[in-house]
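Each of the two complexes below includes chain A, the first together with chain B, the second together with chain C.
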Partner chain A sequence: MAMLEVNDLHVSYGAIKAVQGVSFKLDKGEIVALIGSNGAGKSTILRTISGLERAKSGSILLEGTELTKLKAHKIVEQGIAHVPEGRRVFPGLTVTENLRMGANLIKNKAEISAEMEKIFDIFPRLKEREKQQAGTLSGGEQQMLALGRALMTEGKLLMLDEPSMGLAPIIVEEIFEIIKKINAEGTSILLIEQNAFLALNTASHAYVLETGKITMQGSSQELLNDERVKAAYLGA
Partner chain B sequence: MAYFFQYLIYGLQLGSVYALLALGYTMVYGIVGMINFAHGDFLMIGALGTYFIARAFEGFQVNSAFPMLIVGIIIIVAMVGTGAIATGVEAIAYRPLRNKPRMIALITAVGVSMFLENFPRALPFIGPNPRSFPTLFRGKSLNVFGATITTTQIIMILLAVITMLLLYLVVNRTKIGSQMRAVSMDKDAASLMGININRVISITFFIGGALAAVSGICYASAYPQVDVYMGSWLGNMSFVSAVLGGIGDIRGAMLGGFILGIAQIFATAINSTFGYAVGFIILIVILLVRPAGIMGKLVVEKV
Partner chain C sequence: MNVKRVIKTIYPAAIVVLIYVFVTVLRSVGIMNGYYNQILMFAGINIMMTASLNLVNGFTGQFCIGHAGFMSLGAYGAAVITTMVFGNVASPPLQILVFLLGLIMGGIVAMLAGVLIGLPSLKLKGDYLAIVTLAFGEIVRALLRLVKPIGGARGMIGIPGYANLGWILFFMALTLFLFRNLIYSPYGRAFISIRDNEVAADAMGINTTRYKMTAFCIAAFVAGVAGGLYAHVITFIQPDNFSFTKSADFLVYLYAGGSGSLTGSVVGATLLTILPEFLRFLSDWRLVVYAVILVIVMLYRSEGICGGWELPFMKIKRSSLYEEPVFGGKKTEGKGEQP
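Then we have the complex of A and B:
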């Protein structure tokens, strides 16, 4: 069974059809990327999977469980961890408080501390900033915090919306190394990126999205060598 | 000096009423981003409710006053009841409009306020006539620096202060409190953390309603007359308090409430009409000089 299976998904904002019949799947342990330009509907797809937007029709199955009828907070319980576009850390809460928010569903206190130690192992920088308000962190640190907070929910599927946005190249590299490491430890990842080169070098499989429809798909290697992809997204 | 002290006590008493009510305005604004203009009416429901609950408990009176335990029970029943009504109002009237433009929720709140005032007015067993609020406890008078203070006043001010401290602890030290803060900062991100937004908002309204009930009891103990319209003026003044302190900020609401209460009493001492105006004068001045309020920070909207 696929980890995630999206079938003929339609999402509209009023009269605007943002997503028109998108289907894709992601197997357990895989990194799959959705690439495409601004307004192609990438973020809308992620927001619909995690219940922030309602699907007009179509289905979203997480290991066979239908998600489209569930509320956002119930979808988190099913095992979806979503790092939203623009990071969206809680600016007035400290780093620790932000991480603890991710542990909302964990009842056991010892487990929360153990989980938090794990996050601090992955992101030593966050440990240094433990007591600092999240709003005062740098962009890269906020992205690390957003990732750490999502990991605290112990999801099976991690969805990343533009993790490289607005970050210096050296930080982007660091973050993507961590993303690969997280994946190597068994978490499946659905990645959205405008930086197609980066996305295709991270993911095993990718889908190209244009104005709400999937226009191309294949292994990352195939897409990297595809002339149309090169022309439109790789700037070659 | 004796006068000064006397007025200060009256000011603190009125201030605690405003502060408790302002907390409800500020919490709802902080979390849902709307001004609940019906909030003053929760005070009325609390006070009027207490009147009926106290009448039901009349049999427990000793020397025409209630034993402390019974007073405690009456207050808690009134708090829970008013909290439940506030939660119901949110679920029925405000929740369906949550993602609509803010103006729609604002107008709805005005409508809810009218309903809450006029529906009980139309009920035969409540009606439009003012009733005299029962004495919950028999106060003793004390003489401090030439001013007269009753034990009722002291108890009411203490009750208000303790309630506020409890709220502060709940918001800053408990899990539900941190969930409330998270929801107030970013609703989408909060629901991605598995927080049930509707539940957090319901609890916020419940707490706001319960505080309004305490505020109504404090007010009616000082000015023992209750009717269905009593919440509207007090609601407006508390709204001014919340804006004065910085709307959305809990400490600001407390501070604003006490400042306005004290200012109003001193202004009334100078001229009784001026007492009514002082709240609005403060509102105008604060909007001109420091529109975000004393504790508030100006939010720069990102484009």
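Then we have the complex of A and C:
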């Protein structure tokens, strides 16, 4: 059984049909990328999976559990960790407190501290800044914090919305190294990226989204070599 | 370490007691008359109102603009108990009991109203709460005018003057103490996360509706108690005492003092309660000068007088909340410098 299975998903904002019949699946331990230009509906799909938007029709199954009828905080309990677009950290809370917010579902204090140590191992930079307010961090550090916070939920599936947005290339590289490392340790990842080259080099499988519909799909290698993808997204 | 903590807990209380003793001495010597005393009582009530509004607007990031509505419900709720239900209690100790019962009743009435209007509007995101609370304040006023047994538009007279400066300072200090502890608890963290970023809070598994509701109900309860105190200071209430102007006053206290800062609520409410009285010698020009002072504050300190700043005893060092559990044994000694 696939880890995540999205079937014929439709989402609308009023009269605007943002997602029109999208289906895809993600197997356990895999990185799957959704690529496409602005307004293709990528973020909407992620937001619908994590319950921030309501689906008009279609189904979203996480290991067989239907998610479309659940509320956002219940979906987190099912094991989905969402890093929303644009590094949404809590600027008024400290780094530690931000991470602590991710551990809402864990009640055991020792477990929380172990989890936090793990995050600080992955992101030593956050450890250095643990008592600083998140609003004072640099863009890259905020992205790391958003990632770390999502990891604190101990989800089975991590959903990343444009992790490279607005970051310097060297930081992007660092972040993607970490994403691969997180995946190697067993977390499945659903990745959204405008930078198609980066996404295809990270993911094993990818779907190309255009105006709310999936127009192409395949292994990353296939898509990297596809003439149409090259022309439209890789600028070759 | 422990002694330090005890001192830290006691000295805010000591300040309040000192204020009380100071004022009592001044009154008995005759330097201060009943008029000054009443201004101080209003300042205390306004601090409670502003702090409770701060919990909703400043810390949880919602926008409530009908706070006087809760105050009026609390005032009427308390007054009904002390004047109509137990109006003929004569012995002073029993009167205190009736008074406290009235205040709690006032708080509960206000809180129930908070649940009633919070349930439909807090599920929505954005400015709906502002519109709903604005309407709520006016509806409460209109309804109270229609209820004949509690005086209708004429108001309710003959409320016993149970409240004095001591009681008000006590409730004010209690409110601030509880709010401080609340804000630096996991609840407070959830409130702030909703203010900072509701989407991210949602995505982190926080039941945002529940926490918004909690903040809103606590604020309504405190506003109700403050209303009860108010009724027992002026001993005469009428629906029009709690118009939108009153709500706007609290908003002004909050934002001039600094939203998101309890110290700011205290400073804002105190200064702006005393200032108009202080300016009375200007007669007609009083409100103009008051407004100009407000404009100047907003121009030069748009975050409010105490925005982003708390007195040391009004905050709990954030790091101390995690250190022991989080870093099991490895204590990093007090380097927390967060506001």
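As a working rule, the second predicted complex is superposed on the first by the 236 of 236 C-alpha atoms of A that agree within 3 Å, B and C clash if a C-alpha of one lies under 4 Å from a C-alpha of the other, contacts with A are read in each partner's own complex, and residues count from 1 in each chain.
Everything that follows uses one rule, which is that a contact is a pair of C-beta atoms (placed from the backbone, for glycine too) under 8 Å apart; a residue touches a chain by one contact, two chains touch by 3 or more.
All of these numbers come straight from a predicted model, not from anything done at the bench.
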item	value
Joint occupancy of chain A by chain B and chain C, clash or fit	clash
Contacts of A:Q194 with chain B and chain C, given as first, second, both or neither	neither
First, second, both or neither for A:H73, with chain B first and chain C second	both
Which superposed partner A:T215 touches (first chain B, second chain C, both, neither)	neither
Which superposed partner A:K131 touches (first chain B, second chain C, both, neither)	second
Which of chain B and chain C A:S113 touches, first, second, both or neither	second
Which partner, chain B or chain C, touches more chain A residues	C
Which of chain B and chain C A:G102 touches, first, second, both or neither	both
Chain B versus chain C as contact partner of A:V89, first or second or both or neither	both
Touching both chain B and chain C, residues of chain A	50-52, 71-73, 76-77, 82, 84, 88-93, 97, 100-102, 104-105, 149-150, 153
Contact set on chain C toward chain A in their complex	189-190, 192-193, 195-197, 199-208, 260, 318-319, 322, 325-328, 335-339
Residues on chain A engaged by chain B in the complex (per definition of touch)	50-52, 71-73, 76-77, 81-82, 84, 88-93, 97, 100-102, 104-105, 149-150, 153
Complex contacts: residues of chain B adjacent to chain A	178-179, 181-182, 185-186, 188-197
Chain C contact footprint on chain A (complex, rising order)	50-52, 71-73, 76-77, 82-84, 88-94, 96-97, 100-102, 104-105, 109-110, 112-113, 116-117, 131-133, 146, 149-150, 153
